[in-house]
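Shared between the two complexes below is chain A, which pairs with chain B and chain C, respectively.
For the complex of A and B:
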């Protein structure tokens, strides 16, 4: 099973880990960390939409957050996805 | 239900707390009648040594029984061994249902959690930091925690709102007849200011020391007329947790920018002149503000009258440089401050009553020109929250926040606009600790919002020309744009914390987290 990671645990950053899922398993997102209590839904939506835009279908995403704003979250998801799929230097 | 003057809906009565007096403005409540008092005592020349052999013996001698109230002070901070030792002994002796009345609890006191669960401790009146705060927030205490400021606490004791059965005083030095000092000893903590009113009003006072000296010891912080028993133990605390080394000014450029804005605001105000008095916290931004103000004082040849509060090495340096004439010290934060209060007669120990109580003939906070404070969040109405975190957990005490804000002529709250993704300038704070009517300015890296009530300060800042003024609404909106909308905290109806204003009225309540 392939996995890839992007990000750090510096303040206002996050670590996004992606794991390739079996065909037909769909998308799973888990969140933990600083902002999850008050921004959980917005963060999950942003992760899902970003992955969808990148063409991801069957993938498990796990976010360890340390206060990332949406732009950072999106960038980390994209970088992890590119590492996972070998689709570019990220 | 009644609505208090900061818009909080409050029940008329809270189970385990009693009737609620709604907050109605910072100077609205004026007391009547006389002070309460402790029990009358008599002592004669047939007892000239107050030492007893151990803590259990002292507890027995004090008459402490189930259901009573015991008090502690927090000058030993996260190094304290005394609270845990005393409660462990109570548990062994079968004493239960205690109300503990500490000035504050720290991480080290998580050892009390089993005693809360087993019913040895029934109630906590005092600030709950860290693990006990989390436990309380999740509903782990039968009755609500009552939070009082450094001035509100002695007010509650002196007025009789709280009666202390036994006060346990951690004493870095004590003589055999009950004279106590924090200045010397291997667990030296400097000022014993928070313990003074407890010693004055408790029915019984037990000193716990690890430096027992022969009579008479001087100088004395709390004297023999107040102290019933003295216990010598191996150690009252871990020196590494009692005092820090030298307190550091922040090097984070964003925090330095906030500090520079706050210093510019102070220097633009009419209070920055000969005789200025000043208090800051020991946090990174606060110390940086002091560092900038210190440079300006030197450059313009301004000499201050006094520095107040929890005292750090930074203020000691300013005293030694002649930038302050006196330091008024209720809590000595670091080794340099402990040494200074022991050696320098201009570094003066004050009690919490003297420091901050609104119900005496005059506390030092009333003489304060400028104070620099922090907050977990502030709002459009300049209300500040220092008690709860973004997830709604009650994790911090009030400290001197309310008292200094109410007393100082210029009250400044410094905060980054966001901490992580969490906005710190919001529409409406989750918990009101300090009302906007006593907060004059909010200083962020994106500018300084001055309370519209203080047109005089706005004019002065404009004239100075180096204070980046911004409307509070603009800060709120900018924070909101960056973070996105926050989901509300999920809570149950049950009240787990009562936040009193310094006069004993209720300014807000904290509800149990729905987990």
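For the complex of A and C:
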């Protein structure tokens, strides 16, 4: 199963890991880290919306957060998605 | 004339610095996609910088991005990601001649048109980091209306000169003099390279004092603690402020009386001198006296 990752565990950042899912399995999002307990619902919504805008359907997302703002979370989701679908970094 | 005393480099893959960098009070920011980003993170840094440019806060800072060199596969992707965000300018590393500026200029125009950004809005600062780049400084400075500043290199340039950086910076003296001459001849600004020893305050004061005396408009900065030190060096002296006030006052009086010529202590003062005096007051934080 293909996976891709983006981000770091530095302050105000997060690591987003994506794994492609089987057709029809839909989207799964799991969160852990600094803000997950307090803002988990909002963060999950943000991850799902960002993935949807990028055209993702069947994918599993895992976020390890260290205080990332929405703009950073979105950037890391996008980077991980492009790595997953584009075949590598840079 | 805007203040360009300090241009702070912010690592392009570091959200903390990218989001908070403007709070350190530099006159400008350089979001860095080049040396501060590893080759494996070029893509994620590009996405991060692009999103933060669109949604981040930068206060009154001039916002620029250092793209990857034209000898890499990244520079056009960098431009496509950042130019539509409406930045003030870009820094091009390792410029050696006008042909590099021409290639980037054409790409900028194409991307600005496609993105609905005013053509020519994105200015260029050229980093001259090789002997050839320093030698061609004037040709580079005059190669496009977009080029608004040039800057000598530090580490790369000394390596290319087959020497290393010393405490007194003697190895960079010739390149700095050539850069300031080229910039002024072309009518643009000159920035100095970074001072790498972040805990050497005395050394930084010495270097900043020297480059200010040469005529540089400011200095690139790699650590926030260097900002107030450089600003204090660039702060005009009481004597300079007093002189500038008299020139600006005389210019106001002449304008009020409908006179074209300005006279201070019985001597005629040219328009560029008046402009310089106004800039001195701005640097001293007295811009309201310029109005």
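FYI, the second predicted complex is superposed on the first by the 86 of 90 C-alpha atoms of A that agree within 3 Å, B and C clash if a C-alpha of one lies under 4 Å from a C-alpha of the other, contacts with A are read in each partner's own complex, and residues count from 1 in each chain.
Operating definition for what follows: a contact is a pair of C-beta atoms (placed from the backbone, for glycine too) under 8 Å apart; a residue touches a chain by one contact, two chains touch by 3 or more.
What you are looking at is a predicted structure, and each value in this text was computed from that prediction instead of being measured.
Enquirer: Is A:37 contacted by the first partner chain B, the second partner chain C, both or neither?
Expert: Only chain B is touched by A:37; chain C is not.
Enquirer: Determine, for the superposed model, which of the two partners chain B and chain C contacts more residues of chain A.
Expert: C
Enquirer: Where on chain A do the contacts with chain B and the contacts with chain C coincide?
Expert: 11-12, 68-69
Enquirer: Spell out the residues on chain A that touch chain B in their complex, using ranges where they run on.
Expert: Per the stated touch rule, the residues are 11-12, 34-35, 37-42, 65-70.
Enquirer: Which part of chain C faces chain A closely enough to touch in the complex?
Expert: Residues 13-16, 19, 39-44, 47-48, 50-52, 55-56, 73-74 of chain C touch chain A in their complex.
Enquirer: Spell out the part of chain A that touches chain C in their complex, as residue ranges.
Expert: So the residues of chain A in touch with chain C come to 6-8, 10-13, 68-69, 71-72, 74-76, 78-79, 82-83, 89-90.
Enquirer: Can you name the residues of chain B that touch chain A in the complex?
Expert: Residues 390-392, 418-422, 482-487, 489 of chain B touch chain A in their complex.
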